[in-house]
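Here come two complexes built around chain A, the first alongside chain B, the second alongside chain C.
Moving on, here comes the complex of A and B:
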């Protein structure tokens, strides 16, 4: 067992342990203990060094801090807002009135406890996902439940902000969300992982479990914009029931360690997944997206598009697995991953992984790695646009193709200028970009 | 305006231009015709500085400047414009932001401030009308999903906004319907001026009925092999190129 595994268990021991969470915590801890610590030989972690976790001694929970308020910019939208600081609920920064469908675990009613008990830790397969086991072991009252009843709708998007701040010692935070949409229900949820721009010293383990019921629809956004020293391992695990729709969008900057898993299970016929992602590591940052789409039943569709721009000496990993089971006839599955390398030291490991056991399916996948398109560069220059500005325009254009399709305007408006700013600190080179 | 002397250029070590000379005076319209693969587009690309093309000999003087001392964007700002035979699609970059960036780059070069967004929008919309392009094309990605003819009109739109002094139109008439051909010709004719010259590359005499050239050249095998007045275009249309090539041989 690694030092980190040991420390993580001790941390679990330091938490309050409410009765109704005891079971999930206990099985989580057991699974965490049983799980071998990943090495370079572990297929799922081959390119993802966990050394930064081992280098620090995590001996305490991060505590809520203050003084961050004017240093974090929120999205501007009419939404229900919940804010957690270093994993701890911050009532002052959160809306005081919550819709009936949304509750902090600690404030849940008996009925809601039942929903939590039914789903929490049961959607995710913690045997396959070691950090999910850890999240179970660390489950606390500071999680969020969204439970929308049959044919109901969240009247406003739910906007969850996870703020990280440095605490002076390596400390950990656990962030947990459970979304349960009953038949025909609809919701839009934005998870925003933010930090102050200080040098961070913590580790964040975040886990989102989703059950999209029959004919229900969830729009889910996951935005990771933390400072580059924050260590973050996260996962989104969703079960899609008959004719359910999940429309996901995610963006990540890199950090010393940033790993995000999307595990989507098509459990009911006619379910549909749309997932778009953008990753933009620079400097010496690292970012890793692993997606795993399980087509278990017939007539389902999935469409994944991920794009990355890797700069400087950064390293990105994209692993897109699609597993079409024997019975999943008439599946339509598409996966596209395009990468731009803007420096000779930038590195990408991209791997589509297809396993197809049904014969009547359509499955398209492609991964590309390239530099900026020379013809496009020349076209812009031939109109008098400088090389530097042309580079910025084309880099932004490359991700803007995905941003343009983001359904929630507030997400688009927030991200576009911030992401564009990554391509140059010179405002003149950004002046012509249009963020709409 | 433009003096090309004995220009030699190659791509991937294959010489395409083999000693091409051409002199264009202010206000003139020159037509260049010639068989497929003879080097017409290569000439435009070499003049505008496309990276893959290597100049191996000769000189080009553009308004007193050695063209090859200038980067592609500098050539453009100095007034050189190429309407591309195959305009590239750039999804994710809106036509509007592209056009404004181009116009502002030209303005900055002249020592002027950037045009305000409001003024530019107005200007762009008006110019769209002149080339019969719906203003909704301003919002789309650069040439993204444009039909062949729409791409060509977008090239003319850029020419009108940038007001270059030397405009090279590389088969701008190919793929245009009859109405669009007239729109393009009207645009070009409206821009004709004493201090502005045009090089019109075309396969069809028809365009030259609308844009009447001062000179017609035949480019074959990487060189100008024959030059004449506008009647040469008619002769070529009737007889093809073989007689010219035989004459030269």
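Moving on, here comes the complex of A and C:
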């Protein structure tokens, strides 16, 4: 057992232990303790060193702070906003009126408690996911439940902002979301992770569990824009029932440690997954996406597209696994992962995996690693566009193909200038290209 | 109809599954330092060779059997195996073909190996390895004229100790992995090839491996050295008799391509795959690796149809600038066969290039995995890799997997990887049948087309054999 494993348990001991969460917390703690600490030989963590977690002493929970408001910019959209600061609910920054479908765990009614009890910790396979076990062990009343009843629809998108701020010592936050869509329900959820710029180490463990019912549709956005010193391990675990649709989009900057797992289970026939992701680590940052799509039943489809631009001395890892179970006939599954390395010190390790046990399926994956296309650079420069400008245009164009497909315009408008800003510090140039 | 055809395919018998009655000297089962010493003494090896083996053995004792491959098999009890078996009549080594035990020659004839020079495919010099010792090498004189050395590795230890000392274990070190360490300790024979500077080997070289004796493991070691500007093409084929128990084959192949040299290494592996219940068959745990110096090229081509379990990753270390690595593979698994095979391309030098074409065909209840690594080191300026892995599934109880590891630390390196999975489509079958082909012909045509890119890399004689091998294996498997 590692030091961090012990520290994490001590942290759990400092929390309230409400009766209705006791079981989830207990099982989580047991699994967390039982799990061997990942090393380079653990296949799922082969390229992802957990040393930054071991190095800092995360001996306390981050408390809510103030004065962060003018340092975080929110998305501009008509949505129901919930704000958590260092894992604690911030009523001042959040909307006061919540729709009936959305509730903080601590304020849940008896019916909603029943929904939480049914699903919380049951969608995720915490035996396989170490940090999901930790999230269970740390479960608190500061989680969010979205429960949309049969044929209902969330009238406005739900916008959850997780803010991390410095507290003077390395501190920890646990962030939890549970989305349950009943038959025919529809919802749009945006998770925005942000931090104030500072030198202080922090650790965020986030877990989102999703159950998309029959014919239901969820649009899910996960925006990870925290600063470099915030360590983040997150997971999105979803079960898709018959003819359910999940359309996901995710973007991440790097940090000392950033790891996001997407685990999608196709449990009912005709379910469909669309997942698009962008990762943009720079400096000495690190980012790791692991996706695992389990096709358990016939006639399902999935389409994943991930693109990354790795600059400076950054290191990115991508692992895209598609598992077609026996009898999951007529499955269509595709995965594409494209990477640009823009510096001689950058590193990418990618592994698109296929594991197939059914014959009448169509599966394909592709992965590429290269630098900016020299012909394209030449073409632009030959037309009088400066080298810097051409570089920004091509880099941004590379990820803009995915941004343009984002259904929520506010997400697109928020991300475009911020991501373009990563490719150049020249404000005039960005303005000229109309990215600002 | 499809059912019947699958049935028919499954009932295909293993044509090379006969056992030859020959008196043999076989070491009792078990493995310890004394066995290593015995093998070394039996071959009259010099002290340095014994020391090298013992180093490997001591390392092996401390190692653990790898378990990361996507295969399941009962643990091999290394103490129940015999580590040396040689036909008795080998005691006095034959000087020419006439002196070889006619029983032995008949074995090879049954397998269709062109050991007699007058046979149809004459022109292929064969080094035959029967259980543990090299039986005879044909065409040696003719090769000698060109300066090419082609002999068994135990002979080479005596006759060319300088070369062996210089190169043995430089590509696959003794401690490289569990099976390589085992092989280094107990290897009994294998082939040694040395092509001098600027020589283009006048003929295809070939080795034929056969496991005959019960409860034996075969541990052969092949070392090929191509000096500057030389060229060689080497073929390897394997079979084993049908047996209920699993037999072990743990070989090591080392290739050294010096500046401007080219080595082409082709394998047709048809070890006994076990019966339809998955009983018996060969465990094939092989380490093959080549090192490429400046402007050189190593090309691996393999057709894998046999073995109960295959664990094999022919690799290229592209150390020199502008060097080229190629890997062409067809792996077919049927019944309960399991294969975890692929390649590693380690790009170190500038402008190095590699191509990987892998075709996996799974039928019955088999499992077929491609596992590959493409690594671009920081110095691999302008390096290029293209990988294509296609899988064809026949039947709904088999599995096809792809695990490609791609690691890049150089921005000017370009890597492309694609993989697809499909079955023989109803449309394709309809089109062929509508033009008067019967379903079996149609399947064989489609599968042959699927593997075409790999077959065209094989030397002519092998391409024909490989095509036939697949045709027989897949007879009527889809309808």
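By definition in this document, the second predicted complex is superposed on the first by the 430 of 436 C-alpha atoms of A that agree within 3 Å, B and C clash if a C-alpha of one lies under 4 Å from a C-alpha of the other, contacts with A are read in each partner's own complex, and residues count from 1 in each chain.
Operating definition for what follows: a contact is a pair of C-beta atoms (placed from the backbone, for glycine too) under 8 Å apart; a residue touches a chain by one contact, two chains touch by 3 or more.
The structure presented is a predicted model; accordingly, all values stated were derived computationally and were not measured.
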| item | value |
| --- | --- |
| Touching partner for A:40 - first (chain B), second (chain C), both, neither | neither |
| First, second, both or neither for A:381, with chain B first and chain C second | first |
| Which of chain B and chain C A:389 touches, first, second, both or neither | first |
| Chain B versus chain C as contact partner of A:398, first or second or both or neither | first |
| Which superposed partner A:427 touches (first chain B, second chain C, both, neither) | neither |
| Which superposed partner A:350 touches (first chain B, second chain C, both, neither) | second |
| Intersection of the chain A residues that touch chain B with those that touch chain C | none |
| Parts of chain A lying in touch with chain B, wherever the complex brings them together | 373-376, 378-387, 389-390, 393-394, 396-401, 404, 431-434 |
| Chain C-touching residues of chain A, taken from the complex the two chains share | 43, 326-327, 329, 339, 341-371 |
| Residues on chain C engaged by chain A in the complex (per definition of touch) | 68, 376, 378, 391, 393-423 |
| Chain B residues within the chain A interface of the complex | 48-52, 71-73, 75-77, 82, 84, 87-88, 90-94, 96-98, 100-102, 104-106, 109, 114, 141-142, 158, 162 |
